[in-house]
Amino acid sequence: MIRFDNVYKRYPGGRDALQGVSFHLHAGAMAFLTGHSGAGKSTLLKLVALLEHATRGQLFLDGENLSQTSRRGIPYVRRKIGMIFQNYRLLFDRTVFDNVALPLVIAGYRHQDIGRRVRAALDKVGLLDRERALPITLSGGEQQRVGIARAVVNKPPLLLADEPTGNLDPELSRDIMHLFEQFNQVGVSVLIASHDLDLIATLPYTQLQLHHGRLVKSATGTDT
Amino acid sequence: MIRFDNVYKRYPGGRDALQGVSFHLHAGAMAFLTGHSGAGKSTLLKLVALLEHATRGQLFLDGENLSQTSRRGIPYVRRKIGMIFQNYRLLFDRTVFDNVALPLVIAGYRHQDIGRRVRAALDKVGLLDRERALPITLSGGEQQRVGIARAVVNKPPLLLADEPTGNLDPELSRDIMHLFEQFNQVGVSVLIASHDLDLIATLPYTQLQLHHGRLVKSATGTDT
Amino acid sequence: MKLPRFLHNWITRHAQVALNSLGRLYRAPSASLMTAAVIAIALALPSGLYLLTGNLQRLSTQWDGSANLSLFLHRSVTLKQAGALQNKLAKMPEIDSVQLITPEQALAEFRALSGFGEVLDVLDENPLPAVIAVKPDQDHSNADAAAALLEKLRSFPEVELAQLDLQWVRRFNAIVDIVRRSIWVMGALLGLAVLLIVGNTIRLEIQSRREEIEITKLIGATNGFIRRPFLYSGLWYGLAGAILADVLVEIAFLQLYNPVRRLAGLYQSNFSLHTLSFTDTLSLLATGAALGLLGAWLAVGRHLAAIEPT
Amino acid sequence: MKLPRFLHNWITRHAQVALNSLGRLYRAPSASLMTAAVIAIALALPSGLYLLTGNLQRLSTQWDGSANLSLFLHRSVTLKQAGALQNKLAKMPEIDSVQLITPEQALAEFRALSGFGEVLDVLDENPLPAVIAVKPDQDHSNADAAAALLEKLRSFPEVELAQLDLQWVRRFNAIVDIVRRSIWVMGALLGLAVLLIVGNTIRLEIQSRREEIEITKLIGATNGFIRRPFLYSGLWYGLAGAILADVLVEIAFLQLYNPVRRLAGLYQSNFSLHTLSFTDTLSLLATGAALGLLGAWLAVGRHLAAIEPT
């Protein structure tokens, strides 16, 4: 699903966020991305979603070489990816429902389908009763879960999650991880950046560990 | 330092975030606030900083009854508090230096003092080399640490931290907790909302545990 | 008629966005009204000017600024002979119309224009000759052709003196020149103002919705999708501004209507101000909407590309 | 002179904010210029109108629209007698000035005004009488006093007919009335426009800096602290707009200068347009700055309170 081939990323200003990263996440696989603060986890995920461009090296998504994607092609790459952001990135002047519906509206789904799918996604994260609320009236963990619902609502083939449980209590974190496992079981590829080493240790998936932009531990993902 | 006396908070819309909360955090004490997502932790901290007003009950900060603070008095109450937010709340069009300097500028410090104090604060969170960077170019954990530096820069008598280590790796989390302990040792009162039960368990401070807005475990803080 | 599914979707989507952006304006009524009012003022001024020039032109055709020839007849020419000459001239192909002014009429006109009034009644006899005013047709109104015609008319025995009213033509042209320049200057400024106002409003709106734009881009929105609501906002602003401008112009001209009637009355003219016709109103609305759309387009083009999610 | 520490701090802080907000505008030059340009256009139009009315007034004192009396003398009165009468009249307290128009001058004026030109040369003798134009002083210029004066002058034996130029006064007043109403309508609209434009700009700016306002409030900023940079922005916008407006007005009047000269030439007048004086320029700048500040103040008052951190 995702293949990195000796990828370097240097930010303007000269900071090397990724250096010679190579790995392959097979379609249908699930893996964790770990490493200290500033190790390059978010950067790696941003490269996949074309939020940043690699300085050197090649990366492939679903067989497509991302360094050759045209500007006009970028939105369509992003639609294949359900992305969960470290800072949620919700629209604060729209209801929870409208936030979760956004990817469906953008993709041009019909009105009836949208209602059904949004409610199914909100149900999965336990926020069905808050659909009319504005994000500002939700607690941090609730906002994080709205972001998760938005990422999964259009059933994308790839899920990228950046610290999805940073603001959740241990119990809820386990539930959300379990939700990702469920998606993975129906064929969705999943890549999760996380600091929650204790939780990760209990789960049987590949870990990609970054240290100052270099991959120090990597193995091809094995499906459970 | 902080005293809650049978405090209730009902949000418009009818959600009861806090119900009958009473506790006393002595001046110079340090305590943790725990509880599930949506338990009311952030709400409790917001009441102290006058970001929300209690529906019923009384609360006191430093002996001052906060329900009697006038609109004009609010800024001066907030200046006594160093607050670390769950979602950082940095100014994205100002440099790290300017972000950290903001409380000093607001309080009218002199130019020379500002530079010295800001660099001392940045040094404490390990970001001295990033003072000219814009927050958008920082990793999640780095942004969180800028927020911490901003909260401590003017040496307030009270520190309120909402999930200050949600986006930090375990090692850095321990460092930051240690930083809070240092502040506490020089007399600053500290109240930290956190999900990181494992980390908290290793530290010898009072825990206030919220469950659906009610305090289920409370004890007067004991200084180490 | 059944629309193809693709077209049907397209129309539904546009209608939705159009209504949404209208709803957004409606939910912040005072802010939207302020923007529309600013646009309205900028649109109302050129519209008012346009109307004024229209009225001025109507006035000038009444005054008839084109070249005129005056034939002063010998005092010995009788009224009957003068009438015969008038008929002969009227049949000439170069001539559009002729008007006979008898000595009595000339005296009355002189009295009215000069303000000497009753004093002329004390004159022993009317010293003025009869005059025939000749208006050449369109083709002979230019300076050369008019001069040739003048030469020809001078040769009639009844004519003592033939004269081309160039002075009056020069004066009128000088006035028209000033008015034209003023309008050009003001019109250019105000046209620019409308574009700037709409562009500026949309720019600031884009800026204040930067977060929203970034996030929608993040989850796969195309540029077209993001552009659409802003373009509709511009359209609505322009249209609302134009409607307000229409009202403003009507009010302003109502203020002027009576004073102008009174002035025209003093000059024995039944001239009255025309206000915006139905087609004028339609083109004002179309102009407003088009300028709004164009302003939004320019702002969106410049500022949307600058927003990339990170 | 050593300032008290408190005052010194206060001044330093204000200077800093003023410079900061200026720097903010400078860092987004095209956006700031656009806003300033819109304000400039709105300021330039009333300034231009103001100048136009100023010039019109100067013109009207040249034309002298106040009540005039014309005394037509008997044709038997000699020039010498007429001159003596003129001197006598000039000494009367009710009279501001007198002017003797000889029959020859009257004929020449008639020739120029009527366009009859050379044809009058064929007249056997000059049929016009000598005229004395009398201008009453300020206190006797109203209709009643002028009529009483007329009665008095009528009794002089040299005078055949005395006449009050009411027609001309009525016409001039009608024109002035129209101009005054137009200016009132436009001026009101444009004054409103300046306030709306500045207010709107500041409102949208507040909106786009909502996050910043919330955060500074979160960490203990007073309302005054937050208000200050916006007020300075308004001030700078207004000032920049006024400077641009000044340039625009100068350019526009330069465009008009020559045509007006030419027109005045045709009327044997040496009238020429006056443009903005130094004091005019200063008051334009002050007005711009004041309106900018006021607009910002209104917007800030309405919209800043609505932003509370959560």
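A, B, C and D label the chains in the order they appear, each numbered from 1.
In the analysis below, a contact is a pair of C-beta atoms (placed from the backbone, for glycine too) under 8 Å apart; a residue touches a chain by one contact, two chains touch by 3 or more.
Nothing here was measured: the structure is a model prediction, and the numbers come from that model.
Participant: Can you list every chain in contact with both subunit B and subunit C?
Facilitator: Shared contacts of subunit B and subunit C: A, D.
Participant: If you average the CA coordinates per chain, which chain's centre is most distant from that of subunit A?
Facilitator: For subunit A, the chain whose C-alpha mean is farthest off is D.
Participant: Rounded to a whole Å, what is the gap between the Cα centroids of subunit C and subunit D?
Facilitator: The separation of the two C-alpha centroids amounts to 24 Å.
Participant: With chain centres defined as C-alpha means, what is the inter-centre distance between subunit A and subunit B in Å?
Facilitator: From the centre of subunit A to the centre of subunit B is 29 Å.
Participant: When the centre of a chain is set as the mean of its C-alpha atoms, what distance in Å lies between subunit A and subunit D?
Facilitator: So the centre of subunit A lies 66 Å away from the centre of subunit D.
Participant: Express in whole angstrom the distance between the two chain centres, defined as the mean CA positions of subunit B and subunit D.
Facilitator: So the centroids are 61 Å from each other.
Participant: Among the residues of subunit C, which ones contact at least 2 other chains?
Facilitator: 310
Participant: Send over the residues of subunit A in touch with two or more other chains.
Facilitator: Residues of subunit A touching two or more partner chains: there are none.
Participant: Based on which chains are in contact, what kind of graph results: line, ring, star, complete or other?
Facilitator: It is a ring, because the chains touch in a row that closes back on itself.
Participant: Which two-chain combinations qualify as touching?
Facilitator: The complete list of chain pairs in contact reads A-B, A-C, B-D, C-D.
Participant: With touch defined as at the start, can you tell me which subunit D residues reach subunit B in the complex?
Facilitator: 9, 13, 211-212, 214-223, 225, 309-310
Participant: In the complex of these two chains, what residues of subunit A are touching subunit C?
Facilitator: 46, 49, 51-52, 72, 75-79, 83, 85, 89-93, 102-103, 106-108, 150
Participant: Flag every residue of subunit C that touches subunit D in the complex, lowest number first.
Facilitator: Going by the criterion above, the answer is residues 31, 34-35, 37-38, 41-42, 44-45, 48, 70, 72, 110, 113-119, 122-123, 127, 129, 160-161, 163, 165, 167-168, 170-171, 174-175, 177-178, 181-182, 184-186, 189-190, 192-193, 196-197, 199-201, 203-205, 207-208, 210, 248, 251-252, 255-256, 259-260, 262-263, 266-267.
Participant: Which residues of subunit B touch subunit A once you look at their complex with the stated criterion?
Facilitator: Residues 11, 13, 15, 35-38, 41-42, 86-88, 133, 137, 139-142, 145, 162-163, 166-172, 195, 197-198 of subunit B touch subunit A in their complex.
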